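Here come two complexes built around chain A, the first alongside chain B, the second alongside chain C.
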Partner chain A sequence: MSDRRGRSTSLTARGEPFQWLLGGALGLALAMIVGLLMLVLWQGSNAFWPRPLELIELRDGTRLLGIEVRREPMPGGEGMRRLLRVGNFDLYGEDFRWIAEEAIASTRFPADAWMVERMEWGPFIGFLIGLERDGTLAETDGDALAEAHREARRRLREIRRIERSEIGAINHELERLRLALRRSELRHGVDSLAHRAEEARIASESARLEERFAEWLRKAKALRESDSRERVVLADVVGRRISLPLSQVVRFVRPNDLSLAGKLEVYLDRWWEFLSADPREANSEGGVFPAIFGTAVMTILLAVLVAPFGVVTALYLREYARQGRMVSLVRISVNNLAGVPSIVYGVFGLGFFAYLVGGTIDAWFFPERLPSPTFGSGGLLWASLTLALLTVPVVIVATEEALAAVPRSMREGSLACGASKWQTIRNIVLPRAMPGILTGLILAMARGAGEVAPLMLVGVVKLAPELPIDGNFPYLHLDRSFMHLGFHIFDLGFQSRNSEAAKPMVFVTALLLLAFVFAINLVAILVRARMKRRFAGSRF
Partner chain B sequence: MSWKSARTAHCAGAILFALAATAGAIEVDPTLPDYRPVSGVTGRLKSVGSDTLNNLMTLWAEGFNARYPAVSIEIEGKGSSTAPPALIAGTAHFGPMSRPMKGNEIDQFERRFGYKPSAIRGAIDALGIYVHKDNPIACLTLPQVDAIFSKTRLGGHPRDLRTWGDLGLGGDYADRPIALYGRNSASGTYGYFKDVALYGGDFKDTVKELPGSSTVVQGVASDRFGIGYSGVGYKTADVRAVPIAEREGEPCYELTPENTYAGRYPIARFLYIYVNKHPARRLDPLRAEFIRYVYSRQGQEAVIRDGYYPITGFIARQDLEGFDLAID
Partner chain C sequence: MNALASNASVSTAYHPRQGGHGQVLRIENFSLWYGSQQALYEVSLDIERGLVTALIGPSGCGKSTLLRSLNRMNDLVDGVRTSGRILFDGRDIHAPGTDVIELRKRMGMVFQKPNPFPMSIFDNVCYALRVDGVRKRAVLEEVVEKSLRAAALWDEVKDRLEDNALALSGGQQQRLCIARAIANEPEVLLMDEPCSALDPIATAKIEELIDRLAGRFTIVIVTHNMQQAARVSHNTAFMYLGRLIEYGDTETVFTVPRVEQTQEYITGRFG
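Up next is the complex of A and B:
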């Protein structure tokens, strides 16, 4: 082709170089995105796979047992060195050791080396000595240990259940009574008759609760005592022994002795723990369930809040308002809102929602709780409202575009049949625009779920063991602070004590958040496709 | 309340304190009691403040929560400077801070409540001056550290130190500039380092201000020519803590618990938790029990788990007296 055009055609007139440029840009962008996704996917899916335990003997006689994390060349350029995760922080005061390969005399993979994941102190890497019951030590094998461990964990769960659910409910009641007393004191005055009567009633009720409280406490204590009698004794690679209650062990793994199926079982078990358990050790171990739950509840609440605002605004702008200077000004403002840095929304949310609105609500409705704030500090409601503000432009723009795409002939047909404007909008325009509106809404949810910066100011915290929804009245606690996956990533990556040990958790959590946002987007696509099909059949 | 004025009291405590020096791991002062839970402790606690203490507060909260499942504890840590406003506004029960409160912060608190905030010293932190693990530098004096990080050089070092060659390193280090890593200004670590290592001077503009203590360590770990400061709890295998001498001609001291307890390592500090306590009234049981937990054997074990150094029984008793709490 280029031959025919000859030499006189300039480069700009020819299409090919630009085609290559544009295609190349697209390719580069895609490669970067895919690369990032692959990195997160690879690192995240790898983190829980059981790795072999290496017993390394150095030339100077030192023995080390651990997991090889990575290798790199020595600074001089000769030979390699390995980073070994040795665990046993309680014994060594460090989790990782660098070892020069030239100092290594021998390495082997002993089949009886155990990796013991504990509730506290991080993993223990060493050998199993035996089980200690009531002070007598007995040898044990893998099966007996697994059996005893299952039993111990079951006992621990029962203790937890009693402490959390039973005692927790009683405590909740007691707190309610204390607040009722304070309220009556504020309303009637300390010396009034009404307050005295209330006081007597509350005292008798609390006494009854205290009795039940003591009873459950006794039960929990008895269980705890029997629990502490069963201990497991372990030794590290040089034979230093430790013993800990069996129930304090999360998992016993003998990675060098596992078949593929066994490894897969450990892998899935770790994933399950990650998804369903509470975090441990300042969030660097255990699970992220509260963060998943918090993210989900906040996102749903965000959708509930943003949908009416966004859709109503867009309806007015597109259908009712006279198109003129005023409306274009509003449009420009809405589009500008989408470009405001999200941290600004956070500051606004904190200052306006939490301090001003929340502070006023506290003064009017919860005077008995002051000075501790109820709505006067960051919480679920304020976080969702702030994010709703942040994402409302997305919904407005999407809705406007969807409304504009409904053919004029359909509106005119409806109006010509005698329908009023509102009837037309409700029955003709809105149903047709629905796929577009929903897409906008779900995109807004996806944007909100991945946002972190403003949330740090208005209610997301490092640790909030109480979920925003539970079995105590009023069930949905809008005033509670909550945990969030995005903030969890930030916290793990930048704040954890041992950044090396936290790295796998960062990738796993990032993978989870990506999956969450991906799932929301997928739902958006499916919903839109379904709705489009429905209307495709019913065209005039 | 600064480290130096507390040093006399501190040394007395150090004598009582037997360290397991051989193990590499620290042990809790055996005179600290086991924590025994009491009944009737419920409610919500909120802590707002230092990010140095963030993990430690979380560990304490986890331990406290295991004993009192009905207590819910929320922890927020964005820097020591966020603690005083939260205490004054009443949004927090505890204000963990990695530096003592400044005069104007105490004044603001006093204007609002009519009395001063009370502090407990929950742990001991030694600030490490970290370099990349392959960096051969043997020792730094405090005036040298000042001349590396500061443009004012109040420590009295005669000239600015810009390259590793200025510190006497050879090889490929000789003409490479020193890359500086530090904390952002909301952090108490930033303020403390400025006061002690910079003698109150100003940081160079080339210091990379990072949002978390762990980030500083990660920065140094990935930069062969980097240097940064961060709490001892954040040390990883990829960085090395440089031994520090207080003055030119004095011996260098490694960053070890022994040197810190004896007061030889010059940049060590207490980590504080501030509480709003009315001087004439007793503390409510919830906060009182939390403080007792911090000073128990279990609470101080959490300090070790987080990589910091536990306080001695002497300090615990001293602080608890101020709260009318017995240590039993």
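Up next is the complex of A and C:
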């Protein structure tokens, strides 16, 4: 008794050091997560803010106009250097220039410097000379330019509409006829009478279509020609002139002359373009709408596919299968499935779904399109199925837990009322387990939405010519390849010609993807909370 | 079989009151094992149609097990084995080809702890009818009112039938469960300590209810409350360690029991 009091408590018996250790670890983990989020948030939300154009005169008389991207110490030497985005890729063959600071004679921010965002060649940075209509050059001011620009953009939209909807639809029809012809050839044989008749019918129909096609084409061409007669003339900092059709300009910005409100307007306008427009310039400019759309459609399809699989499997495992070694084995396998690297799923999806299943489908149902594959290569359906496979463990585990959490007394109450097992499951167990099941499902969606590696193999492409849903029958095109935000990030950051120019887009897209996944998770939390409240009642 | 025979050395003191309508349930030499542990030993018991039969005995003696055997609720428990027979209307409920669902429809059950479903009061009461395929709103409404009135709950909930049943108090929940159990007009009502979670007023209401239901239904009730057993039942079965010790008309069991163990339990000297 007496010597026990004298002994000091050993380190392991005292909790504090471990508490500090654990707290420290937690702090570190949090710091890393917050750091990552802050970086993406800061860079992403900054990317579209209009930045001043700097006119730099070097000691040797060279003049440069551009946006300062960053400043860093000279490699190996003293002093600093700056990276200047000078734009005008068509004139200079490069977008960026390094400038040693000691070579700079003077800098200023001319109010009349323009940043002209174009459909091609990236931004033009320089000065506005005037508008050229039918070969005559006239000076212009900001308002007149804006007015003319709006009009030109409207014209371009109309041309686009014609090219896409009208000509696209005729193209679609022609393709359909070509396939019908091929089908009849496969069915009846090349020299059979039936095929001849079909051939004649199709020929007359396609002739009619071709005529309409040519007509629209003429119309579009005429419009384009008249459109290109209105040109804007620009000059770079040393006075080299270029001219381009006014409609090819996305946006005129005079950043040095903008008020805060004006800057905000440009900022929001750029965001809107980003969210709603198609990408340009190898994805490094323009919008990401097809990628947003593709990601959303794929995620929804994934949920539609994974929900029945996962829930039915879990129901069987938990409610019907005899609990024994076999079921335990299946359970362990399912849990391990969640740990398989996702690229492995991609390889499986490509080999099994696309090549084997898809190839068979093509051979049976679409022989007329061969050798070009329909379902025999990656596409929306295979990508969603692959991701469904990848995320099904999440759903199974969540559903099983939710089912196990349904109190036994509920089931007994239902059975004692004379309900069958299935009625009990449907009326009592499933509704009760629904919050858990839905949470699992939404978490699976979040996981699937952020996945990239397997998608690269089974249907995601850098640039998809068409959206997976459009106005042509059957509206939802499961066989089409599509764009995806995650892959878009990868493509921008590591595959683009000009990674420096694409960098802001990488961050913005990452921000968007994070927001997407975050929103899905938020929905999961809300659903859970809502449904929990429904089941929580007072007891006694 | 030999081991079984040696366990069956109890002989039950047997003097039940006859209801005049014959037996609705006959339990013959019924034994039950949870895995390797035996919970019931050769229980034989006839339950008279239209009467209230009380099952009493110390905790763990197998009352719930016996009650749950009557509508085959123990099927849900893994590793349960039985021997002997239980006849319901003369037919063996364990015979192959027995429709368990039909059996349970004919026997309502009220559990020890109230277990309303997480749905509206209305849906709770007509659950048995709904799973039976009744869809007509008028029929359902009538049954709900009748059952809730019978369970002495109507006045308290008639204005909030669409509220979630989980929002009711414990006693109300238990009466709701009774209403649910009698909604489909079962022949037998099995009640496992229906009043253990209730206050005296709610208990009185339920006892009154049992009084009123007796005659229309056959009721088997498990209770730890001696006064309650004495008040509501016609016959009482006393069980001890999985065996049926005495089964007789309630008055005799409570005043001049034939077996000393019964006497000791009733007077509170053990259990």
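Criterion: the second predicted complex is superposed on the first by the 525 of 540 C-alpha atoms of A that agree within 3 Å, B and C clash if a C-alpha of one lies under 4 Å from a C-alpha of the other, contacts with A are read in each partner's own complex, and residues count from 1 in each chain.
Everything that follows uses one rule, which is that a residue touches a chain if its C-beta (ideal position, glycine included) is under 8 Å from a C-beta of that chain, and two chains touch if they have at least 3 such contacts.
No experiment lies behind these values; they were computed from the predicted model shown.
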With everything superposed onto chain A, say whether chain B and chain C fit together or clash.
fit
Kindly classify A:R251 by the partners it touches after superposition: chain B alone (first), chain C alone (second), both, or neither?
neither
For the overlaid structures, how many degrees, to the nearest 10, lie between chain B and chain C at the C-alpha centre of chain A?
140
Taking the superposition on A as described, I'd like to know which of chain B and chain C A:E500 touches: first, second, both or neither.
first
Of chain B and chain C, the chain that contacts the larger number of chain A residues
B
If you stack the two complexes on chain A, which partner ends up touching A:A214: first (chain B), second (chain C), both, or neither?
first
After lining up the shared chain so the two structures overlap, which partner does A:M410 touch, if you call chain B first and chain C second: first, second, both or neither?
second
Where does A:E163 make contact in the superposed view: on chain B (first), on chain C (second), on both, or on neither?
first
Looking at A:S377 after the superposition, I want to know if it touches chain B, chain C, both of them or none. Which is it: first, second, both, neither?
first
To be precise, I mean the smallest distance between any C-alpha of chain B and any C-alpha of chain C in the superposed model; what is it in Å?
52
Which residues of chain A touch chain C in their complex?
323, 407-420, 423, 427-428, 431-432, 534-540
Please give the residue numbers of chain A that touch chain B in the complex, ascending.
75, 83, 89-98, 120-121, 160, 163-164, 167-168, 170-172, 174-175, 210, 213-214, 217, 280-284, 370-373, 376-377, 456, 461-466, 481, 491, 493-500, 502
Touch list for chain B against partner chain A, complex:
23-26, 39-40, 42-44, 46, 51, 54-56, 58-59, 61-62, 65, 69-70, 72-78, 90-91, 93, 133-134, 211-215, 217-218, 221, 233-234, 236-238, 304-307
Can you list the chain C residues touching chain A in their complex?
71, 73, 76, 78, 101-102, 104-105, 107-109, 111, 113, 115-119, 127-128, 130-132, 164-170, 173, 177, 180-181, 184, 197
